[in-house]
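Just below sit the structures, each encoded as structure tokens.
After this come two complexes, each holding chain A, first together with chain B and then together with chain C.
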Partner chain A sequence: MSAWIVRRLAAAIAIVLAAVTLTFFLLHLAGGSPCGQRDVQSVAPEVCARLRAQFGLDRPIWEQYGKYLWAVLHGDLGQSFWQRRPVIAALGDAMPNTLVLAGTALLIDFTLGLALGVYQAARARRFGDIALGNAALFVNSMPTFWLGLVLLLVFGQWLHLVPVGGTHDPVLCARLDSLHCVGDRLWHLALPALTLGLVGAAATARYQRAAMLEVIAQDFVRTARAKGLRERRVLLVHALRNALLPSITLFGLAFPFLVTGAVLVEWVFAWPGMGWLAVMAIGQRDYPVVTATALVASGMVTVGNLLADVVYAAADPRIRVRGA
Partner chain B sequence: MPIRPPDRLIARLLVAGVLLGSLASCARRGACTGDYCGTVVIAAAGEPDILLPPVTELSTSRDVYDQLFLKLADLGMSGNTIGDEDFQPQLAERWEWDGPVTLVFHLDPRARWQDGRAVTAGDVVFTYDAYTDSLVNSPFRSSLRLISAVTARDSLTAVFRFRQRYPEMFYDAVYQMRILPAHLLRTIPRDQWRSAPFGRAPVGDGPYRFVAWKAGESLELAADSTFYLGRPHIRRVIVRFTPNLQVVTTQLVAGEADVTEQLGSPDNVKRACAAPQLACYPYKGAAYGYLGFNLATPGDSTKPHPLFGDRELRRALVMAVDRTRLLRNVFGDFAKVPPGPISQLAWIWDPETRELPHDSAQAARLLTRLGWIDSDSDGVRDRAGQKLAFRILVPTTSASRRLYARLLQEQFRTIGAEVQLDEVDLGLFSERARTGRFDAVLYTWNTDPTPSSSIPQTWTQAGLGRSNHGRYVNPAFDRLADRAVGAMNHAEARRLWRTAIEVLNQDAPAIFLFAPDAVAAAHRRITDVTIRPDSWLALLRTWRIPGDRLTDRDRAER
Partner chain C sequence: MTEPLLRVRDLKTYFVTEHGSGTARAVDGVSFEVYPGETLGLVGESGCGKTVTSLSILRLIPEPPGHIRPGSFIEFEGRNLLTLAPRELRAIRGNRIAMIFQEPMTSLNPVFTVGDQIAEAAIVHQGLSRRRARARAVEMLKLVGIPDPAERVDHYPHQMSGGMRQRVMIAMALVCHPKLLIADEPTTALDVTIQAQILELLDRLQRDLGMAVMLITHDLGVVAGTADRVVVMYAGEVVEQAATGELFARPLHPYTEGLMASVPRIDTRVSQVRGRLHSIPGQVPAATAWPAGCRFHPRCPYAWDRCRQEAPPPLDAGAGEPGAHTVRCWLLTEPQRRSARA
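The block that comes next holds the complex of A and B.
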């Protein structure tokens, strides 16, 4: 098992390195410069030239790449061209917001998804199942940012039920120092987390329904019913526990997906997380920040995958044997 | 047997939602009453990069640091940049000319840095030195090139010496430089100013003091109740960062922000101005947009462009475009067709300026006379095997310019010119424009209040390698522009600029398409809102919220 984990870990590191390398070169080859993105006349070419030299952008790309990798290996992600501060500080501000958003979305995704999946399986091929199945398919087929815009329009702008953007009310809750401000933060979180969570929940529900239907048809469930157990206990204790395996895999994959998928949702809801940071940085040609966000995102995806594999292997030894 | 629908779960969720809503709506009440309360949330499309004036040219940074740092004097509402009569005292309580090239400023003895130290002439000398230091690499360095020295006569007297006498000496001395605290910045190596911690927590001498900056979210300023030019009425100013103007408008309409500088598109203007709690404030915009022709071969500036090297062809293309119709389509009533390369902000704006008329029939005749005919009936004119076809470079970040590109494509098609669009992101767009890798480019410039810097930088020989991306050079225009820059009185300068722009218009190096109005919006509870077009927040300290209009949010303590 440990050799298997080490091999997977080595593969994960290689994947992250490949993602960072690809991002680094694509970004540099895309053209543009940190100095040239503004429609103002005051930036003289000599100012830009000096800035490029200061950022090391006048050096050959291989040299820049080598220096960057060396610095990253030493824990230095560089200096943001645009924010004029260490990249690690920029990530430090953005990352918690994304984790809170993605974590809440994940909670919504699996709580709602599992509940709906079980409910649908229990009422398979009846009206409730068909209606929820179609609704889930509809939500699942919607682009996340579009769903976000619709929810924003309806609940934020028309009904004024929730805030239209940001993580908190900057007037009343500049600091998180009261119960009211905790509520305020949760209230601001509601719509973006719901947007991200709903789409995931629709997919999870479909997986869970299928897994439940497969398990419900098995002998041990029939035995449980024959023993006279209540239907709720049969479903939630006996069947659900055995139908959770696909969801474990899904769980491992969902978190990194949510983190990367949050990019557009963060943009729509002015949520200052990693996605917002990456989009702003791309526009500003802030190479160190873009590469760092790629590093973190690819790291999360691979770690998520790795964890899913490990949990799955622990739960089902056949996987481990095949992979060995 | 089916399970029971989760009624209890739904009920619990509803209760939790109601509780959460109650928590969020239960505002903290503050005690502030009277005329100097009030909190204003400004929605900004973007975020400052740093709050150290010499090292940033971002307008979002400028809007904030203008509340923190003072100039010696500032431009008046007239926007007149010639002479000194329309300037208002700030750090300098008065000034006088000591000969034709020597300007003496007397600092207000009441001026203090927010750490309690007095503002001195030494700070002025330090500031000039910093702005002109190549290590600081200030984007404003070139605007100070005609100042030869700044010295301190005594602790409250700063003396500026110029290399020559010219009309905008005073403007150059005061407009770009915000005086900096020498005692706090002297120890920071100049080449590290761009990332100095001071830039993210500055100490200034202006009407507001810096409180906090939460990256990606908001920035807070608090009124300096001891400010010597008068205590600001608005007590707290919060700048809330958003990704774009659409989100800005949404936040305003939803009541989550109070003020914004610009609403942008006509749709946003309509949405915001229709909101009952908002008042709209149109003012002169500082931008103009145009389709610029590259007069040199893309990638080889030594050769003329195969199409646009021909002045007559450019004139035909200008005449083929119905600029008024395009403008109505894109901006509705919220822009004007510029009479040349100027924004509405410029005091030389003159609708009587002579331009090439819109006349598509004449444009077609001219093209035919030049030998451009559709010889193979494919709808595109050609000459000696070359098609009348070119590409327009346009940034994906600008919805208005993308729309313009499509409308221009259609208008050119009707006279037999084939246009392809190169839509690229802003970084690449700017780089391609700067390096001349385009046929035609849809550009927008934000200009200073004075034409003396923006026009020569973009349309004269001196602008080659700077902002003159289309490489337009006409010595006659250059001479007229030089004379206009040097004209010592307003009327003469205006006349000369008009003549110069008419020469440029006849050469048709570009099609000047739009000069947008700027429309700000502010919550109706805010009164005395005066917007100076070149710097919309310059008079923020005079805005106020009357006591009877204060809300709980206004009174809330931090």
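The block that comes next holds the complex of A and C.
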């Protein structure tokens, strides 16, 4: 068991390192500089050269890369060029917003997805299943940013039901100090979380339906029926417990989707999270911030997968015993 | 004679095939009885409809694609199982009629302990508390001869061998002391030595608990050793039924004859074997297109014109009471044709 954990941790570190390295070099290949775009020099060349020297950007790229890794190992993510404050502070502001959004989306994704998948499997090939299946395919096929824009247009612009962006009312609820302001936050959260969650739920439902149908065809489900159990118990206890195993893997795979999906959804809904920060920083060629967001995103993905593996091992007795 | 415990009349279970092109008449007008306390052997080749028959009794046929035709009748303790409401049917499943299946490897749920799976039926049907149901599960494991039952009760199916799992299946089926146990090829997936142990166990439990057993098998040897009466099925129909002794002494249907000739016997002298074991020529026809007339005629050594045109009804072979030995074969009306061939 411990050897397995060590192996998994080593792999996780390697993946994060690879993501950081790729981001670092790709960003420098992209051209432009913190001083502005190639053809629109907004800063005087002398100032720019001084700034480049100050941040070490005039050094060979390998040297910069080495210095960066060394600093990261010591817990220093550097200074944001654009925000003029430590990267860690920028991340500290953005991270909670993303966690709230992604966490809520994940909740919607799996509760709705599992429920729909189980319902569809129980009604397989009947009207309810076919209607929901087509609806899920439709939602799943839409890009998240487009769905977000449409929801925003309908519910925000036309119906005025929800705010069109941000995480909270900056005037009345700058601080989270009353029940009204908690409601205000949830109100702002509703559309972006639904956009991200619905698209995820559509995919989860399709996987869960297939998993349930596969399990329902197994001999032990027939055994459960032969015992005289209610159909509800047969499906929700005997079948679902087995059909949940693949969904745990899916749960791990949902993390990258939420991270990447969040980039677009955060942008559409002006939600100042990690994705929004990354997009802003890329536009500004704010190298330290972009690299740091890649570091955090890949870290989240590997932690998500690790978590999924641990939960899987706990849920499946066949794996639990082998590992012990 | 006593009243039958289970009476199956004209059971027809059909399946709609994949492309909707045809209907597989897997079970096509089957009738038989099971009496209290007896063992009935249901014999036939793969695809003859024995498993579908047994699943139909507890209405475990997946619908769609399967369905039991109107006009079929399955009476158990005076009630037609085919018209019961789901709730009443559940009160019979696992309680009055229990079932064990061919594959002990896949018939147990991999994510629950065997104790939980055995206790479940006792909780559902007898309203036992979790603790008492667990104690009951330990008792049942002991009854089916599993060593260290108090420890084994917390094990998962994958921690047990095939024979042990089939014992668990039996413990699970018998936890509510059913009146009828349907055992669908309970030993087919097991090693020969384990097979004998399981059959002995079933035999002992049947006597101790006073239940009837419907034993479904393709193995005539198993039937000879355990069954009181035998029903032989071919192509979705019962072709012959009789008491075990009578059937083995006087098999009348050519299919039954062929089946018996194809079983190797330990008491046959080598000189009598004449080289190779007998096999019935041809193949079981497809259930979507049974042959016209007698369904066995394409493979029958005695077949004549009548067999190709007219399906024989179950005819009484006149041994003991009426209906004690019935055969679906025109040979009964023209016995001289048999001797002419032989």
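By definition in this document, the second predicted complex is superposed on the first by the 300 of 324 C-alpha atoms of A that agree within 3 Å, B and C clash if a C-alpha of one lies under 4 Å from a C-alpha of the other, contacts with A are read in each partner's own complex, and residues count from 1 in each chain.
By our rule, a contact is a pair of C-beta atoms (placed from the backbone, for glycine too) under 8 Å apart; a residue touches a chain by one contact, two chains touch by 3 or more.
The structure displayed is predicted, hence computed values, not measured ones.
K.L.:
Figure out whether A:N242 sits in contact with chain B (first) or chain C (second), or with both, or with neither.
P.N.:
Touch status of A:N242: second partner only.
K.L.:
If you stack the two complexes on chain A, which partner ends up touching A:D184: first (chain B), second (chain C), both, or neither?
P.N.:
In the superposed model, A:D184 contacts chain B only, not chain C.
K.L.:
After the superposition on A, what does A:W82 contact: first (chain B), second (chain C), both or neither?
P.N.:
A:W82: touches chain B, not chain C.
K.L.:
Just chain B (first), just chain C (second), both, or neither: which does A:A226 touch?
P.N.:
Once the two structures are laid over each other on A, A:A226 reaches chain C alone.
K.L.:
Is it chain B or chain C that touches the larger share of residues in chain A?
P.N.:
With both complexes superposed on chain A, more residues of chain A are touched by B.
K.L.:
Contacts for A:E63 in the overlay, against chain B (first) and chain C (second): which applies, first, second, both or neither?
P.N.:
Touch status of A:E63: no partner.
K.L.:
Which partner does A:P170 contact after superposing on A: first (chain B), second (chain C), both, neither?
P.N.:
So A:P170 only meets chain B here.
K.L.:
Which chain A residues come up in both lists, the one for chain B and the one for chain C?
P.N.:
231
K.L.:
For chain A, which residues are in contact with chain C within the complex?
P.N.:
218-220, 222-231, 238, 241-242, 315-318, 321
K.L.:
Please give the residue numbers of chain A that touch chain B in the complex, ascending.
P.N.:
30-33, 36-45, 47, 50-51, 54, 79, 82-85, 89-90, 93-94, 97, 115, 118-119, 122-123, 126, 128, 152, 156-157, 160-161, 163-172, 174-175, 178-180, 182-184, 186-187, 190, 231-232, 235, 267, 270, 272-273, 276-277, 279-280, 282-285
K.L.:
Can you list the residues on chain C that touch chain A in the complex?
P.N.:
Chain C residues touching chain A: 58, 60, 86, 90-95, 98-99, 101, 103, 106-112, 120-121, 124-125, 156, 158-159, 169, 172.
K.L.:
Under the stated contact criterion, what part of chain B meets chain A in this complex?
P.N.:
Residues of chain B touching chain A: 1-6, 9, 20-24, 26-28, 39, 41, 47, 49-50, 57-59, 134, 137-143, 191, 194-195, 199-200, 212, 214-218, 220, 236, 238, 240-243, 247, 250-251, 253-256, 287, 397, 425-432, 434, 443-448, 453-454, 457-458, 465-467, 553, 556, 558.
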